[in-house]
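When the chains are written out, they are named A, B, C and D in that same order, and each has its own residue count from 1.
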């Protein structure tokens, strides 16, 4: 059976095409104010990769913060459930999933068969992980890759209080005007965010194995800071951007008629 | 449409509750013209204390909540209250009840109509950091005198507090009750009537004991009451528990609720899962209970809802809490002012769980929550991380961790009981949706925003 | 000498562990609030040490304490959860406030089980507070006796009171020296001294204080009359980094009202027949935390007297972010100093000090106080 | 995997550029002073001839404050053929990077400089100044000379600062210069967004758009929330009707008009000078006074 999993996120729309449980195509596009169009784009890209016609898709599942915008899906579920399902499929031993997106970070405790045991999402004054790194790299006049690389070269820890991203930003500005080495600032930003993410994750009572997913985990510097913050050795789930889309595609396939 | 599992019926006591509540607020507005003593203070203020006078009392917390309701019907008007206090320099993360209340004074606007009532004096039991200082700030603004009674609560029973400590605490409060009475007589120039005071004290015990019994009735499956309804019912005890009409109301309510239990009349006809919540709800956004209903979820109560108006007595043998036995039930005769003071102090210290929970969290508060989970047969918990009330959020995170360790599905959301700017309905609803999936529940019918 | 205090401040845990080695039969008890009646524990041969934060960001407290509780209470709990206070035999507090009380409750659940809790009354303005606290202290004394298996005698208590009173007198002496035009020590140095003494055996501290006063401070000029004289006040503050930053701008902090500073040691135990009652009376009468300053406002005139006695030009009020008792005094305090014509700025402390954001506020205050320079 | 699209337009950027007063010649001046305001978001350099605005440069701040200071100073100098840095008698640095201006004689806070600058721009009547920077809100009260009497800054929450407006402009793809104007293209003023937290406002705005709100309506709701928030900070100093706004935000009529409604009076807008220059102007004026003082000694 061919199913499509759509993850309509705040920043990106992601689509995974499954053929009998095997990923045959993936597509992504930036989420615009016309979510249906964004999904269409990502879906077409995925179908193209899979060399499958739209008509061949038997079932569709949709998740992500924008899921309500997509009508006529066979399965609709929240990210939490899709995260757990996708992660479980990729690695049966994963007990905790940490999803670091552009605006939100989330931790999901995974139980038997990929069922959710509990979950936590960041609260007020602690949002915007990926977006914050982007803003900071812009302030530092570095590309995201350069920013991540620089942070790995840092030689000292500088504590910044990242509870409010905007105030953290002005701490960064102070560091800049104090002529703190660039590498150390980059690391401070990652450490600050990682503190917030791991604090939140600890609320679900983190158990190993920990799987990381979401767009922001492609940032090696951030992952290193998360690793240190957890005091555990998390793995990065394959194709970390597409785990939710995979999860919802699987749920669509699982669904009984 | 899914089929209903249980029959349901509107609650008959509802209208009466509303009537008494509005009456009380009307009496406050008219108090001065009727020659009554008018005082202000908080809900946990041993509010039987002023019953020795012909009096009316504006109780601060429900009043602050009443202002926050405006956020739903008239957001611009609401903002004028809260901003008045912020513009005067009161920081935004202080108790939202207090900020609304101060805004009301600064605007000289009574939310039920007319100018803010001319309060003779303020009386407050200092049981949380904010309450003690709240009326000091109000006294700064209004110039009206303020008496604060230091309320040092008992610790949770599990801590094995000694009888000697308890005696000391009782005596400390009794001494201050006498001090307060002398002070009030001086402020008002009126004589304190011991007879009406004794009746007020007995009423305070009875109202709160009756409310605990109503909560206990909610252990039944299906639950006869949901929390949203309970919030409208317990408030009478909050603002008027020493009153005769309030005692009478709770007697009738208990009868009706027990009748519903006997006839399996449900609050939610689809009841499939039962939860408890924690802390005050965001008063202006009770729709979240409505959303839960669409999943067949009934909230059977909260430590706050049960405890603020409830008198709960610890049952050493079964390690649980039951409705407190009133002096009347125990056959204790109360004849003098001093006896009444002792009964009031003892009742409060022994049976008041919210006040205790604001001072002591730890193992005791966790035990109380677990007791609710067991006795009310709860399947999940939703914890409101209340940025507006740090007293009720005491121990919350430890409670959440304990519930999770126990394997009970538990969700948190951040908000504020009386400041809508700190509550994000969309995000909260999204979380509830995930949580419902986690609990394995399906939405049974479409959610519609409430009136 | 000052450097020795700096050493204890920085290596507070080593100090306590060394003390324990030297006193193998004695116990170390951590406490959380300056209302804690240390004398009782010292009389029992114990070392009371104040639990303070480390000013480092952490990710361990979120499952146990709500993020809207003050950064200090979260930082304190983090110390326990991270195992920095593993040498404690008991944890204790006098009722502080909801936030620190939460840190205490969580600490007893997850870190140290043995605890002492004193129901410190809030309304110290009632005449019934002293008898109540006396009663509670008598019980605390009994609890300690049961724990250590011996009696605490009146002479133990009197001895402890003497040691603590001497410590208070010596610290007061240093504060008196700061009244001079050319101040012998900076506010930063003084903060090291007062804060370090929170961790020290008061006998050691007294010896060191005497030496420091005699051999280091007398005749010393750390700052001159040209430096702008400031007072800091507010909630718990051992933010060395902040004080240091302020004093870099030709300013000097000459006095303070913090529970880790003057509020901790200001008044001695006055002698009475019953030493327990004398101790209770001392804690009831001590300089107030806003948490306990009601219904009457007694703290404000006290602060004004202090500001005048130490001849300060401006005030920096610092409170822990989300500290309700301080916030509830904010309006009254700012109005009060405005009426009394002392320029005041109001800042909120967090776990780390946002130096950049604070610099501008402090510099702008100093520009105001030193207007001759610009105008 | 399909390509991610690159976003190239920076909607949040303010204009950059330089200017010289065509009616003045620096050779006529006795004292030339400069004020350099190195802010977290943008930097300005102002050159004043005997206390009159003569030339300026205005640009985005870079990562390095020293470079930002030099760049913006060069920009201002470039507007004046023949003028060199050495010709300038006294330079004062202000703003976040004030101590990093390599060629400055002194650093002064932007609080003092904005008050002084506003006094120059709007005259001695000014008593209250609101400076809305990238991450700070500063409400300043001053006397007839532009001397600071009191000031208040936002605490604990960055809600309502300029950075938030940038994020919103970026999100809605509206150039920041147009935000104000566009926010009035609504039939009826919507209620303010409930949160001014920059990060949460973003999700709230997306939600509103999904509910069918137009972009102008969202902007209106956001501007009015910002106005509320700013009003809250301003109210805690003694607000006088002689009120001006400095900084980039003063150019956003969407906030200003709504703030005026809250204040119940009109804000002074009567100046020909770009409001973003206030800090640098104040700094240059202090530079003149300090230079004169140093000569007297």
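Here are a few things to note about the model shown:
The rule is short, and it goes like this: a residue touches a chain if its C-beta (ideal position, glycine included) is under 8 Å from a C-beta of that chain, and two chains touch if they have at least 3 such contacts.
These figures come from a predicted structure and were not determined experimentally.
In this assembly, the chain whose C-alpha centre lies farthest from subunit A is C. Counting C-beta pairs in contact across A-C and across A-B gives the higher total for A-C.
With centres defined as mean CA coordinates, subunit C is found 44 Å away from subunit A. Annotation: 41 Å between the Cα-based centres of subunit C and subunit D.
Subunit D has its Cα centroid 48 Å from the Cα centroid of subunit B. Shared interface positions of subunit B, defined as residues touching 2 or more other chains, are 88-89, 91, 93, 385, 387, 397, 400-401, 422, 424. Multi-chain contact residues, meaning those touching two or more other chains, occur in subunit A at positions 65, 123-125, 167, 170, 173-174, 177, 203, 205.
Within subunit C, residues 62-63, 67, 322, 356-357 each touch two or more of the remaining chains. If each chain is drawn as a node and touching chains are joined, the picture has every node linked to every other. Taken together, the subunit A residues at the contact with subunit C in this complex read 123, 125-126, 159-163, 167, 170-171, 173-175, 177-178, 191-192, 194-196, 198-200, 202-203, 205, 229. Interface of subunit D with subunit C (complex): residues 96, 108-112, 135-136, 145, 147-151, 153, 155-156, 286, 289-290. Contact residues of subunit B toward subunit A in the complex are 385, 387, 397, 400-401, 404-405, 409-414, 422, 424, 430-431, 433-435, 437-438.
Per the touch definition, subunit C reaches subunit A in the complex via residues 55-63, 67, 350-352, 354-357, 359. Residues of subunit B touching subunit C in their complex: 88-91, 93-95, 126, 128-130, 132-137, 139-140, 146-150, 152, 155, 162, 164-165, 168-169, 171-172, 175-176, 179, 358-363, 385, 387, 390-391, 393-398, 400-401.
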